[in-house]
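Presented sequentially are two complexes of subunit A, the first with subunit B as partner and the second with subunit C.
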Partner chain A sequence: MSDYSVVGKKLPRVDAVEKVTGAAQYGADVHPAGMLYGKIVRSKHAHAKILSIDTSEAEKLPGVRAIVTQDDVPSGRRVFATDKVLYLGEPLAAVAATDADVAEEAAELIKIEYEVLPVVQDVMESIKSSAPRLHGDETKDGPNRRDISAKIKELSSDQEDDNSDEIRKLKAELEKYSDEVYYNISAETHNEAGDVEKGFAESDVIVEDTYVIPRVHQTYMEPHVSVASADSSGKITVWASTQGPFAIRSGIAGTLGIPLTQINVIGTTMGGGFGGRFGVIITHVPAVLLSQKSGRPVRVQMTREEEFLDGRPAPGCVIKIKTGATNDGHILARQALAFWDSGSVSGASIGSTIRVRGVYKIPNIKIDAYGVHTNKSGTAAYRAPGAPQAIFAGESQLDDIAEQIGMDPVKFRLMNMREEGDSVPAGGSEPKVGYKETLEAVADAAGWWDRESDDNQGWGVAVGDWTNGCGPGGVYVSVHEDGSARIFHGSMDITGTDTAITQIIAEILTVPYENVTIRRGDTDSAPYSTGSGGSVVTFTMGNTAKLAAEDARRRILELAAERLNTNEDNLELKDGAVHIVTADPPKSISLGELAAYSLSTTGGPIVGKGAFARQPSTPALAAQIAKVEVDPDTGRTRVLKLVASQDVGFAINPMAVEGQIEGGVVQGYAWAMMEEMQYGDNGNINPGFVDYRVPTSADLPTVESVIVEVPAPNGPYGAKGVGEPPITPTLATMANAVKDAVGIRVTELPIKPEKVVEALKNNGHGA
Partner chain B sequence: MKSFEFFEPTTLAEASNLFAQEHAQLLAGGTDLVIGMKAYTETPETVISLQKIPGLDGITTDNDKSISIGAMTKVRQVELSEDIQQYHTALAEGASEIGSIQIRNLATIGGNIAHASPAADTVAGLLVADAQVDIASADGERSVPINELFTGPGQTVLKPGEIITQFRLPNPVSGSHYIKHKIREVMDLAFIGVASAVNVQNGVIKEARIGLAAVAPTPIRATEAENLLSGKIPTPELLAQAGEAAAAATSPISDLRCSAEHRKEMVDVLTRRTLQNALDRV
Partner chain C sequence: MAKHPVSLKVNGDEHDLLIEPRKTLLAVLRDTIGLTGTKEGCSTGDCGACTVIVDGKAVTSCMVLGVTASGKEITTIEGLASDGELHPIQQAFIDTGGYQCGFCTPGFIMASKALVDENPDRTEEEFRFALGGNICRCTGYTKILEAVLQAAEEIRTDS
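Take a look at the complex of A and B:
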């Protein structure tokens, strides 16, 4: 680290001043002349047939300029419901009016006739034959039926006689699993390695539980907002609060049949995203439709209530999980069956069920996961999508195994962790990752080895793994006559990524950090950039920025060789100037002088270009320890200590990395202790911050962050994505600490006071 | 929000006359009303600000240590008043539980009470202080004890045009304590709220008052539990009996926050706990 002068330093963020002074332009700050206010008309029922939509009264209201419904969507892609609504708050139409109150009133005047249908909001109810069907009667087999059917198929192809005894026996067995015919399934995924039956047979200890994790919202501070403006030529401009302007551009183009380059998306400063800000139809498409119809710019901005009804939160899920281990602490088998609440559409991170494997050498594993339709909005990514849920189940159960065999939970995990070169069940071999280093670092920092607890106090540990994504990006960097450098790119800043890009370019060009500025272009001007999610930005754009800076440096050295009349091999770029290494007395030329000189050369100005799309990334580990105190009479839990370590590869800006760790830990804590979208008979019943609780700074002690650096081979300076890992273990960390404190195993989050009191009354069962 | 007419009268009589009209609402701190108006759950046609009427705010302590709190007194002032902290600790503690500091700098104690939420954080403290509520209208003045003010959720005995002007806390108590059962440390609504106040003489409980919030359609006093305590020497067994009696006096609902059973159980736990702490503070 000491070899670098800009990367690896705790430098202030490039956007600090504009954020602190309020100069940053968020979506709601955009106000083009003549702008109208859009409002989405939403279903008042969680499941109902639409008999009619009557907009005539609303059209007569003075100030109303446009009303759109699904009839206005040329591709036919579902933007507004037509025949049936599938969740409370589902969009049915949208209006644009000269002020927000008129739009609100007009929305109320649109008359919708419903025929109310039975509602299903619980995944375990939705899979049953008795449940109302959301999309049709198609069924899927559960794991046992799948296995038996596979055997029958195998035998039938081997033998001509389809009615052999064996097959008859299997068919009878199939009947036994008639409750494994699942309805309302939106997706499924299955993974298997080794032989779990054999693994369980060889185990001394087997633990089996069902974990229930609630649906939670990303609760970014800025609700969804877009301002769209269609001009007379048909050109569309959209100011979008989004993590991925280029994805929004193609999404709008596809949904509305507009040529891609007739759409310009301008990403506004994001008030938080966490994976939930990629949606195209939530506000962007309605805003464009309203602007096309009215001929005026239109803003569609969600209220917080609308966010809860029609955002795309993280899926809840039910995970049945079983683990077997030997008395000396070797995990032999793990099996999981998960039902993910995907809401009205498919999706829901079901692939993340594999995370129950963790970073352990588990020879036998079997995972079956299903996405299940319910009368709720669809879901989207939320910070390491699916991992916190799966890891909560996996890491909670590991503690129970450790307890049963009498092993320290940290030692038990260390003993089972994969090492470099171990085979990975999905294929290939384990790269060098600081699994053990990270767990040991958190244990040491938290004082785990000589931990002490008073009455009703306890310690919990858990680890979570995640691998950053990777995607395409492009960066230009120019060096100016005053020696400063300017970066131009198109990726959205996500809590410090612009800063990381700037540090990397300053490092390579040896320009002082404060003399490097960064500008973001819109989709009309900037090179393509992947969305800012999946912990991709520093990995992708960092590599891209490095290539751009190296390209600029090549031109700088070329110019310097020409100007100083020497060979490039004799030159060194250092401290903002090019020096002749061998010159005595020293001879050099500044970057500013070179930039000025470049303007009259054949090769022209100093412009570096970097483009990058894909390199394998390396897993990262987050390990956390909490100390809590539980009040057994009221069930309230107080966190006394929270320590989080993470293998970040290399911290390009350690201050920003600590910020990411703290943010992830706090969100994980909130999911464990208080956050939960609640559903009554007719949809979400806590659509606001009064009854959907997010923590305040008074709820947590200062999170102690411990940075571990085991470089990733393909990351810029060895960096890995840092945004997502820190949320992954916190749910289990908290539950394990509560278990240690008062002996109750909470299998259903959040760990609310009432649940704790109940469980204590039942001697630890039924939490 | 819906459009409305806005008035800033400078006298109580003027305000009372305006407030006697239909669909009129008083604006004190605005921390409940404005949110409701933005959400269209409140759609008044007339909004009457009390902010320009002199003499409605401030805390005064008389020689006999009786205290008057103007209805327009900011909740933050109630929280920080040394006299209230000393003589009616439970009320100061209740005030400190409302919203954030920013909210408490706007919200008024009169608004917190007139809104008549069964979960209001200052109400249990006022109940155990045995507060008198002074009310004025264009027709004259009257006073009701705080435990007779509420008739249901959001409902009071206030008639059209009547405005709460002040709360009078007659005598200091020797010790009191308020606990709010909640999930979040700050800025949470009360799952339940319990205040206990005791006057002790020669080791004997001369008088005990227990105020309960969010456990019935209105805030209530747990009079049976209070009677159990009066004239007795406090023991853990006695406090346990009082806790049970207080729980028995409640009729809570189950809602998305917690079950009725949990609310009852917490009344028991927190009555014991607030009584013990009130006794420790004597």
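Take a look at the complex of A and C:
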């Protein structure tokens, strides 16, 4: 790997200067001539029937140019609530005015009459028959063992053959469901491998707990914003702060019934996303509607408060989990029943419940997971969606098992980790992944094996896994007469991905890194690109970039052979020039000269094209160790040491990779210790940074990161996606450290000081 | 709403403006003068993204009314580099990877500049505490602290 000259190096990012001088253009920095300011009118109740919406007073306010409601959505797709609202802050209308303050005033003048309905915010309450139904008849009251049993009975009485295909199918279906009947269910998923009952029966130790994980907000620093401009021909331009401009284009087209080619989405520099910046309706569609109606460009920008009320945060959940193991440390069975708070719509990451299995050989496993409606906004992805929640439950319980059988938590994990060639639950066999290497690396770096603790100090360890996604992408690269190269593509930079693409192309074309520039096109001009989420970009666009650079290199060698009158086999591309390997004295031609020459050839300029959609990805492991000190009087937990290792495959830019690890760990720390969206009878009660505390530099010490490189067979240079894994184990790492420090197993996050004090009192440890 | 005459000196340039009394300094800088490098992250003075330097002090410009800044000298992120040379703090953020999405970066750089100008001899712990008014969601702060310490060191050596 050390043979590379550009990849694998800590190089400054390609967007460095614009980011430190304030020149980078984010969504709210776009200001076309004549632009109006939009404001969304939001529900003041968490659950209510809408009796009337009266916009007449607002229309009279000087400066107001357009007001839109659901009546202005020709497709009928739900953009604004009409019949009833399901959460505090749900959009009902939008206003555009010549000034931001006037728009806000106008929004307040719109009169809405409500009939308030009963509210349910707790998933465990919402599944009860006594809970208000949020979606009336639309949501099934189930899954329903009782219904299926009744159907079998009914069929049995009609048919003589109790083993008919239909009954057999129903019986198989029945196996999946628990005996309970649940209400307000938005989605469900069931997985089973082996026989958990048998596994528990053979276990020496069984631990069973219920874990509660709060809803948290991605809290990207740039609130959602879009600027839309509809011209008189109907062509729509949208400057969007989004992770996926192409998804926004198709989303707007689908929601408003506009042809795809009539919409151009320009992705603006993204002020953080973490999975929460894919929504279409959130600001983009209202901005388009307001621009269509007013005939002027319109900016719709959310405030921080609106982000908390109507963003799409990570779902909270309740996970009942049970694990069985033998006294000599073999995990035999694990079962989980999870209720994910999906808010007013379906879509919580319920499928991630399966991640309770971790990276361990667990022969018997059973998972039942349900999405449950509550009177909250819908949810979206947040950095490894669903994994931190499931892994918190799984890795916390693993420590309790290790304690009961008297085994070191690191050794217990090492002993149970899957190895290359082991069968994996999804089918096939385990590839080579640095599971053990990564855990051993963090243990060594943190000083785990000879760890010491004073009173009220403790050490915690946990691991989390995630596999990067993959998607379509396209890249062009041109080589110019001055020997420089220019990249053109359509994927949003997500904190360093443009830099990785540039490094890969510079490496292959042997052009100095600073002479390779990169430009992102809009959806009208750039090749299709998948959204920048799911740790896909470096994997997908890195492979795409490699293909484009290799394509350009082919043309370069073809031109050089022609120009130097030799065979391509005698040529080598090195240091920005093509050399005849065998020539004495040496003979070469520079890339600039070749690019100039190409302009008068039949084949034309040097343009490399790369396109790629998918290859199997390889899992990545993050392993972390924390040392903490808990003050038994105040309950405050102070982090003394936080070390994070990660199998990244290959670090194309180690500085950017470290940054991803450090950032992910701190987000995980915050979820464990501080963050929680809180809900009262009328919706969210902490919509701001004073009541929803996120960490600052004063809260934490330096995070130490350790890079482990076990190459992924299909990754560019062996690279894996690095953004998501680091958040996955931190919740459990912190909880396990607190447990080790003061003997308290916190099962309900966040680990706030008052909870610790209370638990210490109950344990007899308190003052 | 009636507008008031206001004179602001921003990055060395004089601006004579007529502004509504309800407009914040942040809104005046971004919407009236067109200096969009200063960011709006919360509008409540809690995140520090809108930090600018007013008469030598770092302030959150979303918490200052534009009319009250009349006659004051204001430096924004756009005014930091001089003659094409980045300020040592800007360079340090690049060298250490002290930014990711970059949205909080102008605020962090301005807050750091005010701190380093005031006293470059702070310890890491003191800088950590002093920068507690700025939120970054991407970096986990490790590389931001490295950047500030590197810049402070350089400024100490130069002076």
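Heads up, the rule we're going with is that the second predicted complex is superposed on the first by the 720 of 767 C-alpha atoms of A that agree within 3 Å, B and C clash if a C-alpha of one lies under 4 Å from a C-alpha of the other, contacts with A are read in each partner's own complex, and residues count from 1 in each chain.
Please note the rule applied: a residue touches a chain if its C-beta (ideal position, glycine included) is under 8 Å from a C-beta of that chain, and two chains touch if they have at least 3 such contacts.
Keep in mind that what you see is a predicted model, and the values were worked out from it rather than measured.
When both complexes are overlaid on chain A, the residue A:447 reaches neither subunit B nor subunit C. Contact with neither subunit B nor subunit C is seen for A:469 once the two complexes are overlaid on the shared chain. When the shared chain is aligned, subunit C comes close enough to touch A:272, but subunit B does not.
In the overlay built on the shared chain, the residue A:101 is in contact with subunit B and with subunit C.
Which of subunit B and subunit C touches more residues of subunit A is settled by the count: it is C.
When the two complexes are overlaid on their common chain A, residue A:666 makes contact with subunit C while staying clear of subunit B.
In the overlay built on the shared chain, the residue A:132 is in contact with neither subunit B nor subunit C. In the superposition on chain A, no contact is made by A:351 with either subunit B or subunit C. Contacts of A:698 after superposition on the shared chain: both subunit B and subunit C are touched.
Applying the stated contact rule after C-alpha superposition, one finds that A:753 touches subunit B and leaves subunit C untouched.
With the contact threshold set out at the top, residues 101, 690, 695-696, 698-699 of subunit A are in contact with subunit B in one structure and with subunit C in the other. By the touch criterion given at the top, residues 101, 104, 305, 633-634, 636, 673-674, 678, 680, 685-686, 690-691, 693, 695-696, 698-699, 752-754, 757 of subunit A touch subunit B in their complex.
Across the complex, subunit C meets subunit A through its residues 1, 20, 22-23, 27, 30-31, 34-44, 46-47, 49, 76-78, 80-81, 86, 90-91, 93-97, 99-106, 109, 127-129, 131-145. On subunit B, the positions that touch subunit A within their shared complex are 1-3, 39-40, 181, 183-189, 191, 256-259, 262, 265-266, 269-270, 273.
Residues 10, 12-13, 15-26, 28-29, 31, 100-101, 218-223, 269-274, 303-304, 495-496, 655-656, 658-659, 662-667, 688-690, 694-700, 702-703 of subunit A are the ones touching subunit C in the complex.
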